[in-house]
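Dropping a structure here in structure tokens format, bear with me for questions.
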Amino acid sequence: MGFLLVAVGVVLLLSGSWYGLFVSPQERYMGDVQRIMYVHVPTAWNALLLFTFAMGCALMSLWRGGWGWDAHHEALLEGAAVLSALLCVQGAIWARPTWGVWWDWDPRLTTTAVMFLALLGILALRSAVDDPEKRATWSAVATIIAFVDVPIVYFSVRWWNSLHQMQSSPETVSAPFIVPLRLNAFGVLALMGGLALLRARVAARRTARELGPALEPLPAGALVEAR
Amino acid sequence: MTTPLALDVQGLARRYGGRWALSGVSFSLEAGQALALVGRNGSGKSTLLRLLAAALRVHAGEARVCGADLRRDADTVRRRTALLSHAAYTWEALSARENLVFTSRLLGQDRPRERAAQRLEQVGLAARGDDPVSSFSAGMRKRLALARTLLQEAPLVMLDEPYGALDPPGFRLIDGIIRAVRVEGRSVVMATHQVERAAALCDRGLVLEQGRVAWQGPAAELPLKSGLLRGSEEGA
Amino acid sequence: MNVFFAALHKELLLQWRTRARVLSVVVFGATALLLMSFAIGPDAGSLRQYAGGFLWLALLLSSTLTLEASLEAETEQQALEGLLLLPVAPTILFYSKALANTAQLALLGTVLVPVAIVLYGAGTARPLALFGLIVLGAGGLAAPGTLYATMTARARAKQTLLPLLLFPLVVPVLIAATKASSLLILGDPMRQLSAWLTLLVAFCGIYWTLCGLMFGVIVED
Amino acid sequence: MSALLLLQVEAASPDGVVQGGWDYVVAAYAISAAVFFFYAVTVVVRLRRAKDVQ
């Protein structure tokens, strides 16, 4: 399942990128630089999506328990961290030719940086706790708290920097612009989703090893007992 | 007529990470009786006591503690038990008296100062009651922790290595307290290496080995049984 | 309610008994303020302009020391486990601890203000508003800070872990408090202060609720 | 506002269209591809290693 999704993602990404780079026409105002958007926007969508899924797994892991939720929680956190790091780099590459600077205190870019650091913090917490139970609970709580924080960060940065509010790129709605965007969006989703499934397997195996051979204790009848 | 049970434990188990510190532990204790827990270091005595005091989450099995379900009604269990643990549970920067007064207030008791003074007297710390705990010796910390445990006036008193770090007068203090608690009709569970003392003080005995019940029976037979176990291990 | 006040009294008394340590945190914060002025240079105008930001950075950096110390008192002899064994709701323990930490951070911030005034010429015409702001900001740091310190006190590498978790989270507090104190120091012609205070109040409201709910989950062993 | 910002850009032509910039586009796609590729490799390597241990 994981490998299949990865393969689907690669095909979608290759075709979407080919379309975006060579088929789509030049955008009227941004010129060729606009083509960065065909990979940038899908990355942004999926970073948020993966973080949201991680939050869902965190909630389920707290509410229901179960190591499957915890393993997927870990995998999705890592995937979201990779995507948000990539997003910051892409944002810098986009900012340079359009605004003349590598970094811009745009609310979205800044929020992404904060989100990346928060995700790194949670992953660090996971690696610093040896007891699998505590690791699962604590990191789930940290994920929920960080998830609530992201919109607050976004709004506070927007207020903080209200002068820069209007630098959203010109809307592009016609089909030649939509097609590569959609292809790449589903491509990143399939690729990172597949990788998250594989990564969750790694986490699940590590937890299984930590928990020892038997997850259930021996039945009471098997013990030496005398009354 | 059946006596109510202070403890009714069925297949209790707890793991730390991947290691099952306790598994499939089953026993019962009638109200008003005293149980001696014996076993080597790491055999699971402390884990069992902390589980029964609802300090740790149960990973498998069931237990009723003083009539309350340990898994579903941990708050009631906490109200009905008092645990003298390995850790002293004290705030080092506060004085012994302050430690007891705050514990009493958090328990919602009336006259906390009076109660604290009374317990300090009982464990022989009245003279040092206003010194910060950080200046205490290990034995004095043990006495303070004992005072804290007694402050709770719980129907089930659990003592983890009560004799540890104490001097001979301390030993007699513990013996006296256990007898006094039993006179009041309360139950006692005690984990200790002092097998002879435990045999003299308790009704029931239970030997733990590697997190399992290796033997249980009348406390009077404990010295023999635990001696056999220890001997066989040393031979192996 | 009586139980809550008993718990709060205990927290405040603990902090009072360890006041020598609190004093060293104050010195740390003042040193941070001094060092930051070297980063700007001896230009009085810029120093005054950035005074608000430096004040909150110094407070944020010192806050991790305060939070770690407040949890150390509970983990030394596992007093926290002892507390949980008493029939006291974990939320009461959380709110008493978070409130005591708020008080301590607010005190720290208040003490740092005169230092900032001397070093940066950052006086304000509305000292009461500045004090209120410091209390709000301290509350925003203390609620998630207490929760995270409770986790990291029992994890490996706790010294680095707490700032790693806390600092990204409190970015809104830092932004709002910095902006608001700059407005108080430099003047507020556009009447923007209330917007920033609202943001702080909202942050405090959300995290005092959320962290209170989560504390019970965290401390269960 | 955005028009004002665009004026500061070296690459901007008089009519406001960003000219060229293909190197930036190539860099963005190359870096994204590299990140995806290397992350995929680390995941697969860790998966293999986890299997070996079992």
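Every chain is named by a letter (A, B, C and D) in the order it is written, and numbering of its residues begins at 1.
One rule holds for everything that comes next: a contact is a pair of C-beta atoms (placed from the backbone, for glycine too) under 8 Å apart; a residue touches a chain by one contact, two chains touch by 3 or more.
Not measured: the values here are computed from a predicted model.
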>> If I rank A-B and B-C by number of C-beta contact pairs, which comes first?
In response: B-C
> For which chain is the distance between its Cα centroid and the global protein Cα centroid smallest?
Replying inline: C
> Measuring from the mean C-alpha position of chain A to the mean C-alpha position of chain B, what distance in angstrom results?
Replying inline: 48
> Distance from the CA centroid of chain B to that of chain D, rounded to the nearest Å?
Replying inline: 62
> Approximately how many whole Å separate the CA-defined centres of chain B and chain C?
Replying inline: 39
> Of all residues in chain C, which are in touch with two or more distinct other chains?
Replying inline: 220
> Where in chain B do residues touch two or more other chains at once?
Replying inline: 57
> Can you list the chain D residues in contact with two or more other chains?
Replying inline: none
> Which two-chain combinations touch?
Replying inline: A-B, A-C, A-D, B-C
> So in the complex, which bits of chain B are touching chain A?
Replying inline: 10-11, 13, 15-20, 23-24, 26, 57, 59-61, 212-217
>> Can you tell me which positions in chain A touch chain B when the two form their complex?
In response: 130-133, 209-212, 214, 216-220, 222-227
> chain C touches which residues of chain A in the complex?
Replying inline: 62, 114-115, 117-118, 120-122, 124-125, 128-130, 134, 137-138, 141-142, 144-146, 148-149, 152-153, 155-157, 159-160
> chain C touches which residues of chain B in the complex?
Replying inline: 53-57, 75, 78-79, 81, 83, 85, 87-94, 98, 102-103, 105-108, 132-133, 141, 148, 152
>> List the residues on chain A that touch chain D in their complex, please.
In response: 6, 13, 17, 21, 28-33, 35-36, 39-40, 43, 82, 85-86, 89-90, 93-94, 96-100, 163-167, 191, 195, 198-199, 201-202, 205-206, 209
